[in-house]
Amino acid sequence: MAWRRTILGLSGLAMGLLGTGATLNYFEEALPTTLNPLFAETMVDSRAQELVFDRLWYRDAITNELQSRVVKTHQVAEAGRAIKITLKEGITWHDGSSMTSKDLCFTVKSMLNRGTPSVVAAAYQEFVAGCETQGPSVALVRFRKVLPKPRERLGFHILPASQFSSTAISPDMEFSARPTGTGAYKGARTRREVIFDAQSNTHHSPSLMQLQLREGGDPLLQIRTLEGGEVQGIVVVPPGSRADLRASDEVTLKSYDLRSWWFIAVNTKNPALQDKRVRQALNLLIDRTELREYTIGVKPGDRNSPCEFISGPFVSVSPYYNRTIPTVPTANRAKADALLKAAGLTRIGGRWHLGEQPITLKIGMLANLNNEATDLLEQVGNQLGDAGFDRQTSKVSADEWSQEVVSGQSDFDLVIGKWSFGLVEAVGDLFHTNGRKNIFGYTDAGVDEFLNAYEDAVTDTEQKDAYHKLHARLADELPYLFLWKLDTKSAWRTEVRGNIITPYFYFTEIDSWKVVEN
Amino acid sequence: MLPLMVPAIITGLIWALPGDPASLICPPSRCSGTQALAERWNLDAGPFQFFVGWLRDALALNFGRSWSAFQGMDVGNLLAEAIPVSLMLVGLASLWIFTGVFGAATGWIHRRLDPLLQTSGMIPVLVLALVGAAIVDLTYGFGSSGQEGQMARIIIGSAVLGLADGAFAGAVAGTRGLFSSESRQRYVGVAILRGERELANTLPNVTPALVGQLRARLLHLLSGAVVVEVMLKINGIGDLLWAGTLEQDFGLVLGTATLFAVGSALLLVLQAMCEVAVALHVRRSPGVQAA
Amino acid sequence: MMRAAWRGPALLLGFVAGFGGCGSPKDVAGPRASEAVIDAALLAKAWPVRLSSDAERAPFEADPGWTHIFERRYPLALMEFNRSGNAAGRARVHQELAAVYRQGALIAANATHHVYGADRAPTDPLALQYIVGVSRAMRGDAAAAQVALAEATLVPAVAAQAAAWSTWLEGGHIWPPDRAWLEARTGPMGPVDPTTQPLLMAMPHHQLEERTAQGATVDANDPTALLALSEWHLAAARKAAGKGAADLPLLMNTWRLPVESAVTGSLGAGADAWLFGRGALCPEDLSFLADVDASGPGAVSAWADRSPLAAALAPAWDGSKLNHEKVLDQSVLLMRQAQVAMVQATGGEAGFHRPFALFVRLGVLRAGMQVADKAGQYRDAGILRLEALERMEGGKGSVQRDPAFALSVAAWDAGNRSPLRPEDILHNLVTDFPALAAARTPLEALHLRLNRHAAPSTPVH
Amino acid sequence: MNRRTWLILALGCLGLLFSGAWMAPEHLSAMDLRLSLAGPDLVWPFGADVKGRPLREYALQGAEVVALPAITAGLVVALAGVFGGLLRCVGTESVDATIQGLGEVMGALPRMVVVLVVALVIPRDSRSLMPMALAWAVLAAPGAMDEAASVAERLGGSRFVEALRAHGYSATRIYLVHVVGFNLRPVVVRQGAETLMQVVFLEIALSYLALMEGRPSFTHPDSSRSWADLLQLGYKSLFPSLRYDSEHALWLGLSLLGLVGLMTVSIGRMARAR
């Protein structure tokens, strides 16, 4: 092994000396909160981690073929309740040590260890039972039940056993800032950027010597910096800036398949908002068409709008989306007023009151959403203000969002946010009474019943039916006012070639990325 | 006492804030439980044990890890990277002060310039920092947070720190005031009649006051450095302290705030040492050559 | 941009409004002087260059129907062509609609094959095997189709249909089945009249019960309906085209089902009516692409002196392998060369130059994709295919959008068991082509099945 | 210029600031995209922002954010100065030492961080500049007291008071008229005015940082705008490469800062010694 490491080291050194690779600078929405895949919380985290680690199995971004860079062979065992995995030989961690079955089993055991407080791991704990090494490169992963297609379920990143003293992994370890993986790049978080240095390996041959991730900030500055050539890419381009870039010969806009939808979560614990008729009225008071025009720049009747209204917790192209539930594109003040009166609210001096008290809505919005939908918070406030509600609007910083809002500890009445999904669109965490991301601790027996039905479904049609019913229920109960899905586009300079963007994970095909002179 | 008081107060703050301190390290949206974290960070046994534990580690130069702002990064390393940057910033800025002191003491900076200096000194550090930040951001673009950009930020920052809030003007006026009042003393006149140089006579007597002034001005620079580092995105201690406070990263705040306290305490010690040195010098009553 | 387009009559305003929508002069990225990628004389044959002259463009500007063709607004185009009595225009509309529904049928076939064939679950309704059988037949696997159809004949609800297909397949007929035969399977679509549209079959075609205690209902649609629609439009196109009907097999060659055999040949007179607003730049390009399908990638060298697309691909073809990255470069360079040629032809820049030139780029990308496919470079072909799709959505409003091509990408994705992109494509098109909802059903079923077995993930912000 | 002119200027600036604060709307007007970045000719008198909302409302809301806190902080510092000067006249050494010690500790604290801690401790709903302004004033107070004390020292401190007593003046007249009115006035008023200006700039800096980092505002509700928004909107016009025609916002922002500067100077000059 030593001679192989030496050769790899020398080849890495040679790459550096010959300067064959280039550096790629790009703007992200923010800096990643962690580089430890067990604690990914944002899309930025997931994209950055994809550069540093290998997932056990992944899908090819072009052909959608299920592939693995680390698995040599596999074999379903124990009548479908386990899978025997033989790892490729010669794969090394960024510290030079070899990746073995011990690392694979360590990763599985870490995810199963209750001392690892990871939400990501919790999802695997539901069907993974354990792991047993059978020699340096063979591991047997056991499941709690028979899995028809086990490879497709095992999409976790592999962690190095040598970097941890126990299988209880926590997010505050140095690993979160300077992780060791087997991916194409070794990542290191600094105060204002994340540097990814190419790592030569038997299963990766990156062309780019280094990637530099920095926080984007002001969209206008990002766009001009890109046009000026000081940076090669922007991962998320706000819709308002796309027309400029589309017309440029120096920059290419690329689609990034990410299923994201925007919402206004309603605090059902607020006495005024407990009554669903009030929530239904609020839903009718939001003029989405006007919101979309003023904040995203989509004019009514625009063909191929990047922004499409939704009536439930799925993007409208999803099979889980119940198309019989209509969206509410414009406001209906008369109907809303009738609902509010029916709910016992009174209008005094143009302001809505509950009993003697005027209703004041505290509205919050995840601050960085303002880059994609400028002044959305203010415009929502204006619409509700015009309708007769006093309001206090406040942006919510990313840390406050994690600390308070998502964990159901905020004192807002309405919260504007966005959720992103990949192929799997499970929304149990958002709406179930015990959901981990249930913003206002919303609870409804009917909703829980449909979510349980989804989990217990025998067939995928039953799952779809359960979610269609859930959609209908949520559109009636309205713990969220559903706004729209917004397409995501990236912009890369034309000298960046081979830049295949993998849906959701983004950088899976980073080896093929290179920078050439135009 | 200051270096002990500061972390003690911060520890009190951690427990004064509502909610589980461990959830600051890993919020529920990312972590399914924080018991293990609380144990590892001594957060499960009350503020006193936490404080003692932190102090014991800090004495061994182990400041722990950042909780949230730069999660997982070693605070000691962060400080080690930040100290030279802040020293360079404050060092370069203090050149303006020393120039002012020297220029005023030797009369190189003419009195007629005083009104101009006074007026320019009125510009607050915040405004100059804003302008500086805009210039660097738009001049360096993506590179503005790279090494080149950082150097530009430090140089502009030092100028901002040295000139704004009357730092330079104050140094000139303060020194001139000290020397002029001392020059009016009778012994100085006598000395001049004896053909001795004025500065050689006044300097030993004004030095203690001068050192006192200097310490106050350096302290002012140290405090102002936070504003400049934050506004100009300079990777110094002030910016660390700001980021830590903003994200309630007590792992980071404890280290940086204590370092600040140590810095100001050191300045006091330096002042005392200078005063002792001057006292010894005066006691040796150095002979002055007759003209 | 509007200023630039002002010189042109209403049609150009239509183009600009359609493709650009950005409305500011900087949106017209001017042509860059670049080295010639292909011989100027060869490029001069390309319709975007020829039609940049006002005189050549006049016939197209005279009839608003062509504006709608350019924007792929088929019902409006048909209405205008009916008003002006433009038979060539009507033929073009029906030919493109035939391509759209054929690709729709292929999406349905590929998705059905995977979800109810390859990934068949014991709880699936047995009647679905009829749909699987038809799908496999369209995919060109007659033997597997017969197996599925045989199972389906045991279910009364679909037994007759399954038996009919089974018999037809046994008969060794040449694809596609006769339109009348197809209509007998799907119901009447009305007499073939180029001035009208066919009647649509109500959906879902079948509602089947799962074999579980709960017995959930599965909606299922028969791809036969989409093939029948395609054949109806093809018949209408033949009727409208008159003598030009001979061109139809060549024009449909790109859009044929896997089971259908390739054709070669060349376009007759009046080719512009077929080519305008297409990625094939001149008749030789169509012949070249057909030759690639029939005889393989070697056709690149054979046609390099006659077909602009072949000439653009030639530097990327080393005789055994296509350099897909070179193709990407060539597509941009040829587009720029075309823009320069258009400026020379018209004596200045005009708003329509860029949208015209984008077809040159798309043409090279799609030709490269076809060559790579034939050369066995499946993944490289995929990269070019997706690049062409991405570029097609160029300007806001997407006048470059070619629904048939977009659907062919969706069909390819469905063949790769990838439902997300096809869902998006179908979602964008189903309002314009309601019958495509028949393809959406199996695609969604595939998504549901894949989702059930996918790695877990949680919502993130 | 004589003191009367400075007085008129100072009152004029203060009047503008307070009338602006008084007229400030609670929320900005509705958006009108047709007026995006319109100049003063289209949207009188200062032009419009990128969403077509009048910048006049930015200016008024900004005035509302700073007016009261800045004046209060100025008064606190001025009063502290008076207190420091009077103490020196009273001649209590122990208190002098205490104030000096206090000054040492305050000086050692990084002001911005203290202000930030205050900002973070305030509940979101009662977010305002006032607590930060008061914190700033408390931090500035020892310096003001020290300077006022040294003025009193030059005056002769307790000896000066004794002398006046010998002339038979009442304590009230000695302390309020002679010490504060005639001698401390210039320094404490200048100190107060400078603090007023510093608080305005503190607000601008904090709001600017919040804008740059995409964070909620520290100093005011996110529904209202600060003068920092004007600078942030306007500074892009300085760089042609950005192709952003917002110079009218920059001019307005700078003019407002100039107004505050002028107010500070004129208050200081108005109170200078004869």
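For reference, chains read A, B, C and D in written order, and residue numbers begin at 1 within each chain.
Just so it is clear, a residue touches a chain if its C-beta (ideal position, glycine included) is under 8 Å from a C-beta of that chain, and two chains touch if they have at least 3 such contacts.
Note that the structure is a prediction, hence the values are computed from the model and not measured.
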item: Shortest path length from chain B to chain C (each step joins two touching chains); value: 2
item: Both-way neighbours, i.e. chains that touch chain D and touch chain A; value: B
item: Gap in Å, rounded to a whole number, between the CA centres of chain C and chain A; value: 33
item: Chain A and chain B: spacing of chain centres that average the CA atoms, whole Å; value: 41
item: Centre-to-centre distance between chain D and chain B (centres being mean Cα positions), rounded to whole Å; value: 24
item: Chain centre separation (chain C, chain D; CA means) in Å; value: 68
item: Multi-chain contact sites of chain C, meaning residues that touch two or more partners; value: none
item: Multi-partner residues of chain A (at least 2 other chains); value: 41, 119, 221, 224, 228, 406, 436-437
item: Where chain B touches two or more other chains at once, by residue number; value: 138, 248
item: Chain contact topology (line, ring, star, complete or other); value: other
item: Touching residues (chain side chain D, partner chain B) in the complex; value: 104-105, 107-113, 116-117, 120, 194, 197-198, 201-202, 204-205, 208-209, 212, 215, 231, 235, 238-239, 242, 257, 261, 264-265
item: Chain A-facing residues of chain D, complex; value: 27-28, 30-31, 33, 50-51, 124-125, 127, 212, 214-217, 221-223, 236, 241-244
item: For the chain A and chain C complex, residues of the former touching the latter; value: 40-43, 45-46, 57, 59-60, 62-65, 119-120, 123-124, 126, 147-149, 152-156, 242-244, 246-249, 253-255, 257, 259, 302-304, 316-319, 366, 401, 406, 417-427, 429-430, 436-437, 458-465, 494, 497-498, 500, 503
item: Parts of chain C lying in touch with chain A, wherever the complex brings them together; value: 21-22, 26-29, 32, 121, 123, 210, 212-214, 216-218, 325, 328, 332, 378-379, 382-383, 386, 390, 393-398, 401, 413, 416-418, 420-421, 423-424, 426-428, 444-445, 447-461
item: Residue numbers on chain A that touch chain D, as the complex places them; value: 217-218, 220-221, 224, 228, 293-294, 362, 367-368, 370-371, 374-375, 377-379, 381-382, 385, 391-397, 400, 411
